[in-house]
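One chain, chain A, appears in both complexes that follow, with chain B as partner in the first and chain C in the second.
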Partner chain A sequence: MSRPQLRDARRDQRSPARPHTSGRQHHHGAIERPRGRAGLGLALGLGLVLFFVGIRVFAPEALGDLLSNTVQDFFTLSISVIIESLPFVFLGILLSIGVQVWLPDGFLLRHLPKNAVVRRVTLSLLGVLLPVCECGNVPLTRGLILRGLTVGESMTFLLAAPILNPVTIITTYQAFGWSDGILVSRILGGFVIANLIGWIYSRHPSPMSLLTPKFQASCAHAHDEVPASRSRRSVDMFAKETAAMMPALFVGSAIAGLIQVTVSRDVLLTLGQNPILSVFALMALAFVVAICSNVDAFFILAFGSTFMPGAIVAFLVFGPMIDVKMLALMRTTFTAKTLVQVTVVVGLASAALGLAVNTLA
Partner chain B sequence: MLALVGIVATVWLALTDQLGLYINPASSWFAILMAIIGAVFVVAAFAWPPLDDEHASESDVSTPTPTPTPTPTPHARARVRGTRPEPVHEHEHAPSAPPGRIRTAQTAVIVVGATLALLVLPPATLTSAVASQRSINSEASAIDRDGAALVGGDTSSFTVKDWAVLLRQNPDVDTYTGTPVDVSGFVLASTEDSENVFYITRFVVTHCAIDAQPVGVPVYLPGWEEEYDADQWVEASGALTANPAGSATDPLVLVPDELDRIEEPSDPYVF
Partner chain C sequence: MSSDELLPAEPGAGSGARGTSAFARRLAGSIAVLALAVGWLAFANIAQGPRLNDAQLDVQRTTVLAGQKLTLEVNQSVASLDEAGIVIEPEAAVTAEIDDRTITLTFDAPLAHATDYTVRVPGVVGAVQPTPATLEYEFTTPGTDLYTLIRRSDRGEPDVVQRKPLDGGEPETVFEAPRIQEFAHSGDLLLAVTIEDDGSNLLFVTDMRQGEPQQFGIPRGASIRDLAVSTTNPLAALVLSSPEIDGVRDFDRELIAIDLSTNGGMELLPVLGLDGEKSHVSSWMFVPGTTSVVVQDFEQSVFVVDVIAKQQPSPLGVHTELRGFVPGTTQLIVADPDRGVRFDLADGSSTTLELASADIADHVYPGPITMLDGRSRYLISLVAATVEGDRNVRSSVLAEVDDDGELREVFAPADEASLIREYCVSPNAQFVAVAQSPQAGTVDGYRENPGFTEMMTTVVEIATGRTVMSAVGGFSEWCSD
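Right after this comes the complex of A and B.
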C-alpha cells in the first residue's frame, strides 16, 4: 500500500525543476488510455451500486428491535437530515459545475459591479436567483471562489443566500405574515450581517489563508486549462465535490441527530420568557437543530407564543448561517479559525438584532 | 461512495414507499430526481478516471482526499509522467502516508457507519422518546393554519392532527360532547395526569423528521398503564366527553368504547 506513494514521492523529489506538464500532454494521456479501462471503471461503479442495493435488500428486518428507543431515534433523525439535505447538496454541486465548467471564463467577474461594496450587495442578492438551501450553497460557494471571487465576497453570498431567497421569504411570510416585524428584520438582518462579514474579510491581509490548505491548492490550479470535454470535466468535478462534501454532510447529520436526542428542548424553552435569555436560548436551539432555512419559520412558529419576537428573529437569522451541519460542511473549505471568527461575529450580530427587536417590540 | 450510499438508500426508500418516514412526500420528487441525477454522475465518474488536473497536486499540499470515490491517487500522477497507469482498483485505496492513514481510517468509519445506518438498519419511525421530549400539542400554529376550516367540518374523516388542532382551540365543551371519534396513533403518557390520560399520538412532519411535532387526542382511561405500553399503536373509537378529572389542558377527552392494538401503519406520520 505504501509503495506507490513512496515511489511517487521520490519521483517528485527528483524532478523539482520540471516544468508544469502542459495541457497537450494531459490530452495525450487521456487519448492513449486503453479503452477497457473505462469499461472496467463502469463495471466497478455499477457493481458497487448493486453491492449497496444487495446490502439494503438482504439486511435483516429484525435488527431494529435490538436498539433502544433513543438510539433508534438518533438514527432516524440523522438519516432524515441526510435524506433531506442530499438532494440540495447535489443541486448545489450541479450549479457549481455550471458556474465553473459551463459559464465562459471570466463571465461572472465581467458582469459583477466593480465597486467592492456594490459587488458584495449584488452577490448577497444572488440567492434570489439561485434558490438553494444552505447546504447546497457550500459547493456553490466553492465554485465561486474557484472562479475568482474573493473569500470575503463568497462568504457574503454563502451567508446571505439562504435567507435572501424566494422560498425562505415566502415560507417566513406564510408563517408570520407582517407581525412584529419578524419578516422584515430577518431579511434586513441577514443582508446586513452577510455584508458585514464580507466587508470584514475583504480587509484581511491574506484572504487565501482563510481557506483550508487543500482548497487553496485547488484554487491555485483552477485556472489551468484542462483539455477535456465539458461533460467529462463536469463528471470529474461532481466526483471531487461529492468526495469533499459527503463526509462532512454525514458527520454533520450524525452530530445534529445526536444533539437532538441528548439535549432536552425543555431546558431551552424554559428560558423563553426572559427578553435577553430567550434570544440566546433560541440561537442555541438554531445551532443544534440544524434545520433548513426553507422551513425553519414553520419550525419556530411552533414555539411562537412562548418566545419573544426578538428571539425568533435571532433564530431565523443565525440558524441559516451557522449550525452544526453547516459548520461541518464549511469546514471543507474554510479553516477552523476562520469559522470560529465567523460564528462569533454572526452570533453577536444576531444577538444584537434580536435584543433590538425585543426592545422595540 | 458515500454519495452512492445515500442515493441507493433514497431510491430504495422511494421504491418501497417508505420515503415518507423521513421527509414530507411533497418534496420526495425532488429527492428522487436528484438521487437519479447523482447516480448517473457517480457511475460516470467511475467510468472516467479522474482528470490529471489541479487536484493531482492537491494531494501534495495536504493529505489526499481519503474518500474512495475516484480521487487522484498516485497513478494519476504516474500517468502524467507517462508511465503505465496502475490498475483501476487502486481507486479504492488512498495513499497511506501517516496523516493520510488516519484520514483513511476516519473515512472508512464514516462509510461503514453510513452503510449501517442507511442500508442495514430497517427504516423506523420516531418513537415516544422524541415525542416526550417535544411538548405535545404545543402552540404549534404551523398546524393551526387550517384550523378554522375544521370547525363544523365533517368529523367522521378527522385525523389525529385535525382533532388535535380542533381541541386546542378550546371548543365549546357542550357542543362537542358526544361527538364520535375514530383515530389511530401510538400511546404517549400525559405528563399532567399520566394515571388516567394518555394521548393517541402522531407526528406532524412539515419538511423532514427533524421538525416532527407530536400531536395527539387525549384518551381518558384510568389504569391504562397496566394494559398498554408507551409506543404501542392503537386504534380507538368512542365519544368526546368533558374531562372527568377537570383538567384545564384537556377539557375534552375521548372515552373509548373500543381500544384495539394495531400494527404500526405504513404511513405513521401526518403531513
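Right after this comes the complex of A and C.
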C-alpha cells in the first residue's frame, strides 16, 4: 500500500475515535488553570525582578565584597552565558512560531519528496526553516509524527535540526570562524549522524513500538485545539517556548559557571590536551550541561584554547542531539530502549567524528 | 487494529521476525562499525606525535630587529624537543623555549629580506602522545625598496626622491621639489624637508598611495635638521629651530617627535632633556624596536627617553659621539677620545668596545666604522693615497673586519676615478648602501646635509660582496634610520 493511502487510512480510523466531548471539556478546564498559573507566574516574575532591582538600587556597593571571589566568578560566568544566549534563544522562538503558526497546515508535508533517502535528507535540512533549539524541536517532532512522518524520519529531523539551522551555524561561525574545520565538521557530522539514525530506524518493522504508550494515546487528542487567532496562538506558543527554554538555559548556564569555578583548570588542561580523553570529556560535559545548540558554541568557546578541536566538534555535535534535558524531553515520546540505542549510536558516531578531527586537524 | 497501523512504515521495511532481524542487523552492524572506527582512530591519535596547530611571526619586524619570536602552537603540552637538532634554512641562529603547548624560537639576529625560510624542530615529544615528531614551518620575509635623493638643482632641475626595489624593477619618483635637504619614509608615508629661497625649511608629508604632498605645520622661517623615522613604529623626529621674533625663540635646536599613526593625528611630541626642560640637541637616533630615542645635547650629555610614555629620561653619561646601534639591536655604540663603549639599553649594562685592529698599510687611511653584530665584526671604509709621478692618486674601498682582525673587501668602485663618499648598513645588516661620486665631483652647495654632485648609490650584499642594485643619487634612507 502506498504511503498516502496509509496516512489517509490512519486519519479515517482516528477520526471516529476522537473523544471530542471529553477532549474539549478537558481543554476547557485546562484553559482556566493556565490563566491562573500565568497570573501567578507573572506576579512571581515581577516580584523577582523588583526584588533584584531593589537589591541593585538599595544595597551598598560594598555588599558584593561579602561574596567570595569564587561565588562572584560563578555569578559572572553564569550570567555571561545567559546574556550571550538570550538574543539567540528569543530569535529561535520567534522563527519557530512563524513556521509553526503562520505557515499553512500540511504545507511542509505536501512538499516533501517521495523517495525515502531524499526525504530524510530533506528533513535533516528542514532545520534551516525551523531554527529552534533542540528542546523546541521535541514538541515539533511529535507534531510531525502525528501528521504522518515515520519514526525514522522524525528522528532524522529531531537530531539534525538543532545543528543544521541558520542560528546555530551563524553562532558557531561567530565563535570559531573556519578554524580547525570545527564549523564544517559540525554541519557535516550533524547531517550524517541524523541520516544514519533515520536510515537505521527506517528498517524497523514496528515503528509504533518505538513510542511510549502515553504518546500513542495522546495521538487521539492531537487535533483537539482551542479555536484561537494566530496572534493568540503565537503569544501562547511564545509563552510555552519561553517557559521551556528559560529553565534549561538558566540551569545550563549555572552548571557552566559552576564547572568553570569548581573544576580545576589543571584537570581541564590535562584532559583537554589528550586527543582521546578530551573528546569523551567534552561529550560528557555536553551531556551534563545540556545547553541550547543556538548558544553552545559561545559556551565552549571559553574552552577553545584548552581542548583539542576534535573534542569541541564532539561537544557541538553530541550535545544538541543527546543530553540530560533532551533525553528527558524525548522520553515523553520514545521508549527507554529506543533512547538507549539512539544514544549509543550518536555517542559512538560523535566520538568517531571528534577523534577523526583530532587525527586530521 | 494493531498500534503499528497508526504509523506509516518506510518502504522496504520488513515485517514480523524477518523485519526485526533486518533492523537488528542494521543497528548492530552500525554500532560495530562505529566502535571499530572509534578504536582505530583512538589508536591513530596515540600513534602520531604532536602536531603544529598554529604559528605566529611578525615577518615585517624579522628583517629589522633581532630577537623576533616565532611562536609554534602545538596541539598538546610539549615535554621535550631536540634543541640541538633545530634547523633553519637558510641558516639563522635561534634559541628555543618550551612553555606548555608553545615552542618559542627567538632569532638571534634580523633575517634576510625576500627569503623563503624553513624551520624544522625535531624530536618534539608531547606530554600525551609519546611518539617524537618533527614540526616544520615555512615563511617568507618581505623584500624592501631603497629610497635615494637625487640632487639636480645645480642643473636647474628639481630634486627628487626615488624608490627602487632591491630585487630589480624601475625606479619611481615619489617626491619632487626645487631643493630637497633630506627625507625619511615610514610605511606609506614619506617625509621630506625642502629648502626655500630664503634658506628656511618646509616639511612635507606624502601618503605614497595617494601621492599629493601635504605641508606640515611648522613655524614660518624655521629650520630643520636630522629628520629620521623609526624602522618599527610610526614615529618620526627632527631637530627644529625657529627664528627669533621679538626676542623670543619658540624652538631652539629642539628635538620634536611626530606621531605618524592613524590615531596619532600627526601629533607633535616635544622631547625634553634630563632636567625636564627644553634641551639643545646635538645628535639623536631612534632605539630600534622601541618608541625611545637616544639624545646627545650640546653639553654632550647622552640620555634615553621614551617619546610616547613621557617617562623621566635615563642618563647614559657624557660622551663625545653617538656612533649608532648594532643593526637590529638595542646595543648603542658611543665614542670617547680614549675608547668606545657599548651600552645595552635592554638591561642598562655597558662594556668597553674592543675591536680587532685590521692590518692596513701605511698609505691607507681608515674612515668611519659601523658595527655589524654584537661581537666585534665591523665595516670600515679605507682610502689609499699614493703618489704617482707628480700627482696624488686616491682610491677607496669598503671592507669587513672579522673577530680576528681579518680584512675582507666588500666593495670598491668599479671606476677608479670614483670615491666612496658615504656608506650605510641596512637595518638587518644584510646590505650596505654605498654612495660614490667622481673624485672630480664637487660639493653640491647645500648648507645642511651637504653631498656631492653626480652621486650614485650601489647596494651590496655584505656577506658575499654581490652587487644587488644601483641607483642614481645618494643619501640612502638607511643613513637616516
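In this section, the second predicted complex is superposed on the first by the 198 of 361 C-alpha atoms of A that agree within 3 Å, B and C clash if a C-alpha of one lies under 4 Å from a C-alpha of the other, contacts with A are read in each partner's own complex, and residues count from 1 in each chain.
The definition used in the following text is that a contact is a pair of C-beta atoms (placed from the backbone, for glycine too) under 8 Å apart; a residue touches a chain by one contact, two chains touch by 3 or more.
Small disclaimer: the values here were computed from a predicted structure and weren't measured.
Enquirer: Just to be sure I read the superposition right, which of the two partners does A:Q216 touch: chain B = first, chain C = second, or both, or neither?
Expert: both
Enquirer: State whether A:T242 touches chain B only (first), chain C only (second), both chains, or neither.
Expert: The first partner, chain B, only.
Enquirer: Once chain A of both complexes is superposed, is A:V251 in touch with chain B (first), chain C (second), both, or neither?
Expert: It touches chain B, and chain C stays clear.
Enquirer: Which of the two, chain B or chain C, is in touch with more residues of chain A?
Expert: Answer, by number of touched residues of chain A: B.
Enquirer: Check the residue A:Q260 against both partner chains and state whether it touches chain B (first), chain C (second), both, or neither.
Expert: first
Enquirer: Please indicate which partner A:F52 is in contact with in the superposed arrangement: first for chain B, second for chain C, both, or neither.
Expert: Only chain B; A:F52 stays clear of chain C.
Enquirer: May I ask you to decide whether A:A290 touches chain B, chain C, both, or neither, giving the answer as first, second, both or neither?
Expert: The first partner, chain B, only.
Enquirer: Taking the superposition on A as described, I'd like to know which of chain B and chain C A:L129 touches: first, second, both or neither.
Expert: Neither partner.
Enquirer: After overlaying the two complexes on chain A, where does the chain B footprint on chain A coincide with the chain C footprint?
Expert: In the superposed arrangement, which is not itself an observed complex, chain A uses residues 7, 216, 269 for both chain B and chain C.
Enquirer: Contact residues on chain B for chain A in the complex?
Expert: 1-10, 12-13, 19, 21-23, 27, 30-31, 33-35, 37-39, 41-55, 57-58, 60-63, 65-67, 69-71, 73-75, 77-82, 85-86, 88-91, 93, 95-97, 100, 106-107, 110, 113-115, 117-130, 133-135, 138-142, 145, 206-211, 213, 231
Enquirer: What part of chain A is in contact with chain B in the complex they form?
Expert: Interface residues on chain A, with respect to chain B: 1-2, 4-5, 7-8, 11-12, 21, 25-26, 29-30, 33, 37-42, 44-46, 48-49, 52-53, 55-57, 59, 61-64, 67, 69-70, 72-73, 75-84, 86-88, 90-91, 94, 174-175, 212-214, 216-218, 220-222, 224, 226, 228, 232-236, 238-240, 242-244, 246-247, 249-251, 254, 256, 260-261, 264-266, 269, 289-292, 294-295, 298-299, 301-306.
Enquirer: So in the complex, which bits of chain C are touching chain A?
Expert: Where chain C meets chain A, its residues are 1-16, 18-20, 22-23, 26-27, 30-31, 34-35, 37-38, 41-42, 44-46, 48, 53, 75-77, 101, 126-129.
Enquirer: Quick one: in the complex, what on chain A touches chain C?
Expert: Against chain C, the touching part of chain A is residues 3, 6-7, 9-10, 13-14, 116, 145, 148, 150-153, 180, 196, 199-209, 211, 216, 219, 269, 273-276, 308, 341, 344-345, 348-349, 351-352, 355-356, 358-359.
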